[in-house]
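Two complexes come next, and they have one chain in common, chain A, joined by chain B in the first and chain C in the second.
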Partner chain A sequence: MATDHATTGETDVDAERGYFGVTISSRVKWNLIRAVTVAVYVMMILPLVVIVINSFNPSRLGNFPPQTLSIRWYEALLADELMLRALLNSLQVGVAAAFGAGLIGTLTAMGFVRNDFRMQDALVIVLLSPLLIPPIIVGVAATIFFGQAGIPRSLGWLVVMHTLLGLPYAFLIIRSQLYLFDETLEEAARTLGADRLTTFREVTFPIISPSIITSMVIVFVISFGEFTATQFWVKRTTTTVPVVIFSMLRTSISPKIDALATVMLVVTILVPLIVLGIRRWVLKT
Partner chain B sequence: MSTGRARLPELKDAVMENDWVRFLVSPGLGIGWVFLFLFLPMTVILVISFSAPGDFGNVIYEFTLENYQRFWNADVYKNIIFESLVYGFVVTLLSLPLGYTAGYFLGRSKTDWKWILLGLVVLQYWVPFIIRTYAWIIVLSNNGVLNQLLLSLGVIGSPLNIMYTNFSMILGLTVSLLPFMILPVYVSVSAIEEDQIHAAKTLGATDFRAFREITLPQSLPGIVSGVLFVFIISAGAFLAPTLLGGPNTRMIAPVIETVFILDFNWPFAAALSIIYFAIIAFLLYLFTRRVDLEEALETGAT
Partner chain C sequence: MAFLELDNLRKEFGDLVAVDGVSLSIEEGQFVTIVGPSGCGKSTILRSITGLETPSSGEIRLEGTDITELPAYRRNIGLVFQDYALFPHKTVFENVAFGLKMRGAPKAEQRERVEEMLEMVNLEGYQEKYPEECSGGEQQRIAVARAIAFDPDLVLMDEPLSNLDKNLRTSIRSELRRIQDETGVTTVYVTHNQNEALSLGDKLAVMNDGHLEQFDDPETVYRNPQTRFVADFLGRSTEVRGTYHRQNGEAVAELGGGIELQVQPSGSLADGDPASLFLRDEKLKLVDGSAPTENVLEGIIESVDYRGRDINYFIEVPKIGQTVQVSHIADHSTETFHTLGDAVSVYIEPENVTCLPADDSQP
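Our next item is the complex of A and B:
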């Protein structure tokens, strides 16, 4: 770590010159930057570590640090049908939305990169608008819309809306890969007599598939954690993990919440790592 | 039949080569999805915001300005929107120096830990808001981890009442949104060629001058993207004010939720949503006069 300060590109001359009449050496400055960074990481990570530790705390009041460890809250979780249902719902909706946004995002990105059409710039903003409109408004608007259309709440409703929320990410990630793509490969395939579908299947898809997988992972993660809009869209049988955690927080604070939050944490971290790990392994072989 | 079969590939070709058909599938599917499930619902609430509330969440479709008059005549809703924007501004202002410093460190450091540190920010980015928000309840509440620690160390005699205040809300929101600032800043800082900085130094620039003239301008896209995301998300935050805020914390998202769910007043909730959306759209319009919105979103989302 001692060599760190050299990377600010600062020379020893700076230490002599100083500014505002104060002379601070590059090394001290770099150490200050490092201290702030450490503080940022502590603030980001430590509260999450506390949740994980507390989930193994047998005491209901949650004295910290716990004197003994137990898995009683995880057992309570397994015995709770509503929570298992919520976990299953969240996983199903997340996977379905990932496939939905992955498919639509691929087609849309292809259309934008490979064709010229009018109002292209404005239509990109249309596609990105789910990122810009606050989720509370998306939540209220969709609830009123589906309500007036007489469509009852279901997992399908959640999949449709989570696909919408994930679509901008899928579109941007896949499009950036398509920009790097050598278009003459497609032209070559077409000159050799392949139709559009064959060209896509044999040439384009294999090359952009890593970015499709990345985008699907991100859509899954977004869907799995979305709360603000989703709270309006669920009923008891289609509830998701974030909604369950929120309603538990409204009634009481119990280490059972920590256990559920830890499960959620593990899923959000493990699923992407496993999928991206497999992707890497497949690409290598 | 045999001619029909022979024509099928030709028909397929004709369909596939038809510009309209191709546009409808790609990119039309994505554009259509957004129109159908976002713009159409937005239009519906625009219409409903000019309608009167009936009993039990019903809507009476008669043109009325009642909802907008209610907003305009009482100060409370105007103040709530104003306060939301102020909180958004404060959180953005706090997360900018913290996130920039960390992003700068990641972009310039050559430590072996760099990839782990970067991975931790990405993981943080993935952790759901509900968990990141809840974590602060355990840490900051009266019998929370921080108070237990300070009490046992004898630093304080009685627990600090920092939970359920504007302070805890702003802290939780700022830390939750730091990854949105760190990642784009890291991306733009790490793209800067170190030779440029060395050259500036060799020519006699101070640290500060080299930073101001080389690093800062080139990391501006990262800052713009971070500011955009942090401001929009924090001003419209629902979880942090609801779970961490105090009795004096008033923000627009929880108010819309209350009007919608508890008061069951759909037209007024629709009107509040439309007004808040119009304000955000106006701010974005001002923003796009200076920067490329698409680029800012792309930097933040990929």
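Our next item is the complex of A and C:
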């Protein structure tokens, strides 16, 4: 029997057995898989494509497809101080949170991997809690906390909270690379005359830096798109792109939203590509 | 004053005593090997000398200075790791130059010294390669170059050959010896492989279970083991129990069954003491009837293990109720080999019978 299986191959065995009593030929089966895959991608990408195309549609009411193309909504966007400010805020907060989570994530992961201490597992759960607690609760809780503490809304507040929201991702990514790191490399550096700091700079950091960079990109993207909790934390001058888009949708349907959404989409896709591109280029040279 | 002194070194890990009061003196320029089974504490000693471990008690002195508490990076000691520990993100040049760079050597000096080192280990022109582009043997030699490049007081090697295949091991072994002769750097080499231990060092330290068993030149250690562990660990021998006697100024061990062997006793044996005799397989010689009648064991071939160059006979000696192992170089042109069941006599010279106090705790 064993040789039968080997010669007929797996697909035919499956076909004989069938699915839920239905027997499908392998050609039909592969076509089905293909069709489902295409459908998934189309449903994911098509709405985005519609938004991007509509952002170039000069008509206010957005009849689709557009008869002509224009950049008037982008011009309007540039003239809209609130939107520009939101974009700038989002970029600033995203970059700052990326660096914050990258730094704290590295130190925390080093601490957890290199030391044995009591309650280690429980502390990991605490560290991951921003990931586990629903964002809306984090949003409300932080608002009440900062309110009671008498700290007014500011970009700094946003940076702190976004760092916190990104920290679990940074921690998990960096920790997994640290587990793979060979500590005898650090011992080698020490026997060659490097003190702790030099050892980290010369050996540990360069080797784990890919995971730090990856985690920073992810934290930036998360921060840049975070809406649920962020909406509680902003005021007019510290607002972010997702919050502006949402509030505009409530009042009017301006094609400017499409333009802003397109900009956001481009940033979200381009930043990781650029950073990872630079990383690859640096590794090559 | 010795160059490197370990004074009653002790290291505990929790309840485990890894090193239990080891004292050792090493002279400048010596090549010392430390051999012992895994877990005997030899690596812990090495790591204590480099400063990667801090001893629980005891002192380490280098040229008379106590360095026991000095951090690793402030000692001037090179270490070759078992798995080489080359920096994967640095080129061969940057790896070998690392120690010099840490000491603030100018770039020109680094280049010159690295070139010199790579030439010494026969890897000229490897500067711009990365470790992953080099073979295991090449990586091993890069690790040696890196540990010597910054002109350390002392070079330590932790089983540096154990990750290489057998042929490479032999050739790099002689290369290590050559490098040590050329540089004259004091070297401590740790291994569990007795061939490496016997062939490499000027001095050989045998360790077991955290203790130093014997420290002497390799030939003396091999020929005159001072403890049962050393006698058993180096080479292959059969241990036979007996009672030690002095008769007419001669050292003799009575093995039971009326058999007596003249022996080379260790100093601590007194008349009537229980003794352990170690009969090295290559020192036992098969003889025929005309040969000596003293120091002869008579037995029957129990099994034969033909190995090409050598042939091993396992000979049952009924009078002492034990099987002894005899190994000899097979002379294919003249010899007729013995077969199973042959009655044979085995002779051993008295000075080759190591006789030590028997340990009563062992059966």
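We take it that the second predicted complex is superposed on the first by the 260 of 285 C-alpha atoms of A that agree within 3 Å, B and C clash if a C-alpha of one lies under 4 Å from a C-alpha of the other, contacts with A are read in each partner's own complex, and residues count from 1 in each chain.
Everything that follows uses one rule, which is that a residue touches a chain if its C-beta (ideal position, glycine included) is under 8 Å from a C-beta of that chain, and two chains touch if they have at least 3 such contacts.
Small disclaimer: the values here were computed from a predicted structure and weren't measured.
Q: Mind checking the superposed model to see whether chain B and chain C fit together on chain A or clash?
A: Chain B and chain C fit side by side in the superposed model.
Q: Using the superposition on chain A described above, determine whether A:64 touches chain B (first), chain C (second), both, or neither.
A: A:64 sits against chain B, while chain C stays out of touch.
Q: Is A:225 in contact with chain B, with chain C, with both, or with neither (first, second, both, neither)?
A: So A:225 only meets chain B here.
Q: Contact-wise, after the overlay, does A:206 reach chain B, chain C, both or neither (first, second, both, neither)?
A: After superposing on A, A:206 lies in contact with chain C but is clear of chain B.
Q: Examine A:184 and indicate which partner it touches, taking first as chain B and second as chain C; both and neither are also allowed.
A: second
Q: Taking the superposition on A as described, I'd like to know which of chain B and chain C A:51 touches: first, second, both or neither.
A: First partner only.
Q: Looking at the overlay, what does A:193 touch: chain B (first), chain C (second), both, or neither?
A: After superposition on chain A, A:193 lies in contact with chain C alone.
Q: Examine A:163 and indicate which partner it touches, taking first as chain B and second as chain C; both and neither are also allowed.
A: In the superposition, A:163 touches chain B alone.
Q: Mind telling me which of the two, chain B or chain C, contacts the most residues of chain A?
A: B
Q: Between the C-alpha centres of chain B and chain C, what angle is found at the C-alpha centre of chain A, to the nearest 10 degrees?
A: 100
Q: In the overlaid three-chain picture, find the nearest pair of C-alpha atoms across chain B and chain C and give that distance in Å.
A: 9
Q: Could you list which residues of chain A make contact with chain B in one structure and with chain C in the other?
A: Residues common to the chain A contacts of chain C and of chain B are 195, listed in rising order.
Q: Any idea which chain A residues touch chain C in the complex?
A: Counting only chain A, the residues touching chain C are 182, 184-185, 187-195, 198-199, 202-203, 206-207.
Q: Quick one: which bits of chain C touch chain A in the complex? Just the residue numbers, please.
A: Listed in rising order, the residues are 50-52, 71-79, 81, 83, 85-89, 98-99, 102-103, 146-147, 150.
Q: Which part of chain B faces chain A closely enough to touch in the complex?
A: Touch residues, chain B against chain A: 12-13, 16-17, 22-23, 25-31, 33-35, 37-42, 44-45, 48, 57, 59, 98-99, 101-102, 104-106, 108-111, 117, 120-121, 123-124, 126-132, 134-139, 141, 143-145, 148-149, 175, 178-179, 182, 194, 197-198, 201-202, 204, 206-208, 210, 232, 235-236, 238-239, 243, 252-253, 256-257, 260-261, 266, 269-270, 273, 276-277, 280, 284, 293-294, 297-298, 301-302.
Q: Could you pull out which chain A residues touch chain B in their complex?
A: 1, 3-4, 7-11, 13-14, 17-19, 26, 29, 33-34, 36-37, 39-41, 43-48, 50-51, 54, 61-64, 104-105, 107-112, 115, 117, 121, 123-138, 140-145, 147-148, 160-161, 163-164, 167-169, 171-173, 176, 195-197, 221, 224-228, 231-232, 242, 245-246, 249, 253, 257-258, 261, 264-265, 268-269, 272
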